[in-house]
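As structure tokens, the structure follows; a few thoughts come after it.
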């Protein structure tokens, strides 16, 4: 029983904190978000240089981390910094299938921040289901992919796309799926990029007989999809905790300093109690993320159940924290120039990525029945 | 007890509905429903149309040109306007300043300003809120100093809705700094073209510009633009707060949102079936619908009491709280229903005349921004916390 | 649009209020609850004499009310008085099938409080389903009933039992049900009476070839079961509002008078806000009951949907009011001698009668689909 | 970060579990699990058994006979005791008075009272709460006046748990009425057999008698029974409040309740299927389970911090709040799961030796009373509102 960080991990956190404090203030962040790619490639390279992407990759694949705890630590800082660089898209969802497929060269480039990878999985008619894939892969003159993918995070700036596609089976079947590597600028790929509500970027991507290279055995890709999404879920849950911490701290500062009716807002008992309830729920969310991170290397059922619990709880608490932080601030939290609402927006919108709070509650229940069976 | 409308009231509803159908341009209704940006001209057109029917100043007493509606008629009118996708009536002139002038204004003030409200000559904005004052109007810091036949005003106002459209502002300013906080305030009418006025946009968290800061530096205001007595401006402000507020619960908005939500939940799919059939989502929708059904009756109980001549009590605070909660919840579910397609946001799609291809369903673009934008409803107009304070004191005697 | 009461109904309410104030204080109520029948037959006769049972019956059946509004008004007072006399069991659930079957003589006796009727419908393996009936009725030498009924309200003190039984069809089928009249003290009926948590009484009843007389056409009884239960739902929802009002008033009194840290409890803002939230939800619950009462004579779908909404909402709000009232009082609300907890107990336990808050939410959803279809 | 127990800790858990299996009479565990009434003799038997293993006074320092456990060991012990259905250790003597005497008592007091706590000679009760004082100990009204070599005590105590079993009471009384509210209080040990003491039962809302009022009229207390300095009794009381409180979150109780709930939900049926498969009920259970999983980690974080020598911070308040909420929610769901069978209540079924036929499932009888009884957990031990006040002040600096 030990909740302290190892020396290496403490240094990793400090490195990230120092970089964000010194190099990543709110104007820098907004500027990066407004850039054509939706992030700053130079900053991304600097983050890579500091090892923040490598920390998401195990040593045997050339990184120096990659455990659940590493993912959670990095993403808590991503949340605290409201970072728009593609940690999730390229550093986790895009990178992990490459790691598992032993794509050493590509892994190195992505880890260095030189190549941007994106994970093209969700489809226009889908909704968080891991096997909801209608996009088809067929082998002839090499593998070719045809279909449409929706809301591909950083899909517009990506150099390589990791695409899920079906080689057999009905839509929704776990069997018959595969992951494929597609050149984003290659033939048969049409991308439409756009901004998202929370300041990030995504793309709709249509594949029309796009040449592709399988990652792993086509048709048996479900386990890797689940594993990759699981890493993403952990990352998002940890990011949510980081965002919550900032929302909490900002609100506390505001309550301590802002006066109304001649007293600091924080002197009003009703607001005090609501702050306590907020802090309590954040501690619960943090605990759920610790559990998910600490059992990330356990058996599949334990891992997936704890991930579902963490995503459910951070979604539930995240909405509460975002709404309460805005409400307790009042008008100023409705303005673009104040940092808080940007944190609140990201916190709420995380629930739209990789399964929302209801989806993961259902998943938790279903996994519980598998467990009992 | 009778929950249905009388035949006369039903006939009134038909009359209103028919008139709106004939007079509201479909393109304008489509803009409102699609959450697009409305121009100043859009509002002015709709105000003018309503005025042709004498339905613009429907809060005003008959002797000043109001239609003399009962509270139930006002409620029906409000419901039909919202259900039809009509632009809202900009309230600052017609609903707020008008009644104050009618109650406290001089004959000269009434003669000058009331007709100009009705014919659209003036676009009024409201100068109440200040940075640092929040819901606490008594801590107002804008100063007005009498010098001969005018006041010199210095200070800063904020959250001035559509102030960038306005040529006039009604404004609270402190005229006696030594009086108790709520006293020594005066109610002034200020020409926005006066030297020393600067309007600065506030961009809100959804990236839109609707509210403003107004900076006043040595602004000269003619003394004849004082409404009511000097140092008694609080009386005017309070009068407005207590003024009958039809639609405070926003029931009509929530009903429109619920029916939109149902459509979205039928169209979006989860696990291969319509989202509306997913038990968790169905439960969220049903709880919302039940809350709304109850609030509808709660609202009608207040309207019926008003129709019997009872003045609106502190229950208005309860309706405001529940009304904003329900409306916010509806917007939350619409956002949720869209799943990943709540993420994309194309600000250009809000522009008039945009003809691009939407990302995802055509109603997806504004779902999340609408959710964030509606957070304001529990903050402004007396935050929900202030409403609870008021109700605890006035109704619960705590 | 009119929410005022007619002159007759105002008098009905005043009659009930006067009786409860003058004749039904808390010691009287506790004494009645502790009596062998679980209520006081003399008081019950007096209530009948005042017309409080007759108000639940339409004029054409010998009463002078019977509309949804009448039921709601009487039961709000039943709630306010924490009345243990069998208004629900005998006055609504037992009486209504007799009214519909034109059992004039019995209706008169039950309305007079001389005969106690009870509705034996729920079964040991059932859970709120209207058609969950395995008890069988068979015709031979007259009709005979065999089966077991659970938690029959006032089933131990009843003179006549209205029993639902199946003449055909599978358990759960709406077709094939009938309602039957059985003498409670007759052959083939075994009753085990007991007290309930909220101070009422109920019974487990076993029927073994018990002689029975059909009410209406055997096999086509579902509509009458639904109608009877609907009246009961309205009664319980209105009773809940009466209970909530007392919980609210008692708590407000306590907050105004009880001092802590030198100030009345009611001066603490966090408690003020919670009281406001409680009052707001009670107004919502009251509104839902008014809607259900005011549309009780409308078409089936409207009626049943509004009833489900009212039962759901009073269940949801009832729990909140009961828990908050106890919490805001503190220790004193945990004592038997203080009246509040008895109101709180009844308020919570109402959710276990005729379908709980989840059951009615599901029903509301299902009825909504029927409506759309 | 390491979420698992060390091999030594796992071995300790096995040791505890084995010992309980050998020493806890199955009939006693069945009574605890079935929610039956426990007699004084039941508690005394279990205390004596624990004392044979030196596990009764497990909060005490080694030099006074405690086993010297780490915070993790204490947590494991607590979990195993509850999971096994062991009666709780009555805390007043061993967990509350013991540490106070060890810290503040004279050598004579320690020599007299500590052994009697361990061997069960004394059954202690706590005289803190007073009618009208609630969570506000400083407004204490019981008076103790020094007369020669004794105090004369007058006043009234309430919520005295199992006071009807007790032969001794430790008690706060005001010795200096002119001092500030929190000063002028003394900590006294009172023989319950003293003339002038009357114990009156308080029947709780579930119809049970566990707590009492204690009336003190001119009760003589020897001056040697003063613990600590006169007028400094608040120090003793505060010491206890800050004393390490393993198990404050009641995680082990909630875990036991959750596993019971799962059993009930598998057995009860809704629409012909196990209730556990009903989506609404499954969602309620899953939310509870997730809250509990998180709270378990939250609790372990605090224990791990204590193991590193950090003194328990204000987070204990958060755990108390969440712990009671989760435990109450579990009891709510068990009650709900029973449907109509939550209604019947046979008080006689709580008696030892009752052999009647239950109404409905055998676990139904106490489900609702348990739900009502647990409302107390958010009221006593510093109400959840007081915990929020404390946390807002100490941790949030508001």
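Should a chain be cited, it is by its letter among A, B, C and D, assigned in written order, with residues numbered from 1 in that chain.
Keep in mind that, in the parts below, a residue touches a chain if its C-beta (ideal position, glycine included) is under 8 Å from a C-beta of that chain, and two chains touch if they have at least 3 such contacts.
Remember, predicted model here, so these are calculated numbers, not experimental data.
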item	value
Chain whose mean Cα position lies farthest from chain A	C
Intercentroid distance (Cα basis), chain D paired with chain C, Å	38
Chain B and chain D: spacing of chain centres that average the CA atoms, whole Å	54
Multi-chain contact sites of chain D, meaning residues that touch two or more partners	280, 283, 385, 388
Shared interface positions of chain C, touching two or more other chains	269-273, 361
Overall pattern in which the protein chains touch one another (line/ring/star/complete/other)	complete
For the chain A and chain D complex, residues of the former touching the latter	1-5, 69, 252, 255-256, 264, 266-267, 269, 271-273, 275-277, 279-280, 283-285, 287-288, 290-291, 293-295, 306, 309, 312-313, 361, 364-365, 368
Contact footprint of chain B on chain A as seen in their complex	122, 124-125, 127-129, 150-151, 171-172, 192, 194-198, 200, 202, 204, 258-262, 270-271, 319, 323, 326-327, 330-331, 333-337, 341-342, 344-345, 348-349, 351-353, 356, 358-359, 361-362
Complex interface listing, chain D residues touching chain C	129, 132, 134-136, 138-139, 158-159, 202-205, 207, 268-272, 275, 278, 280-281, 284, 332, 335-336, 338-347, 359-360, 368-369, 371-372, 375-376, 378-380, 383-385, 388
Residue ranges of chain A in contact with chain C within the complex	268-270, 272-273
For the chain D and chain A complex, residues of the former touching the latter	1-6, 9, 72, 282-283, 286-287, 289-291, 293-298, 300-301, 303-305, 307-308, 315, 317-318, 321-322, 385, 387-389, 391-392, 395-398
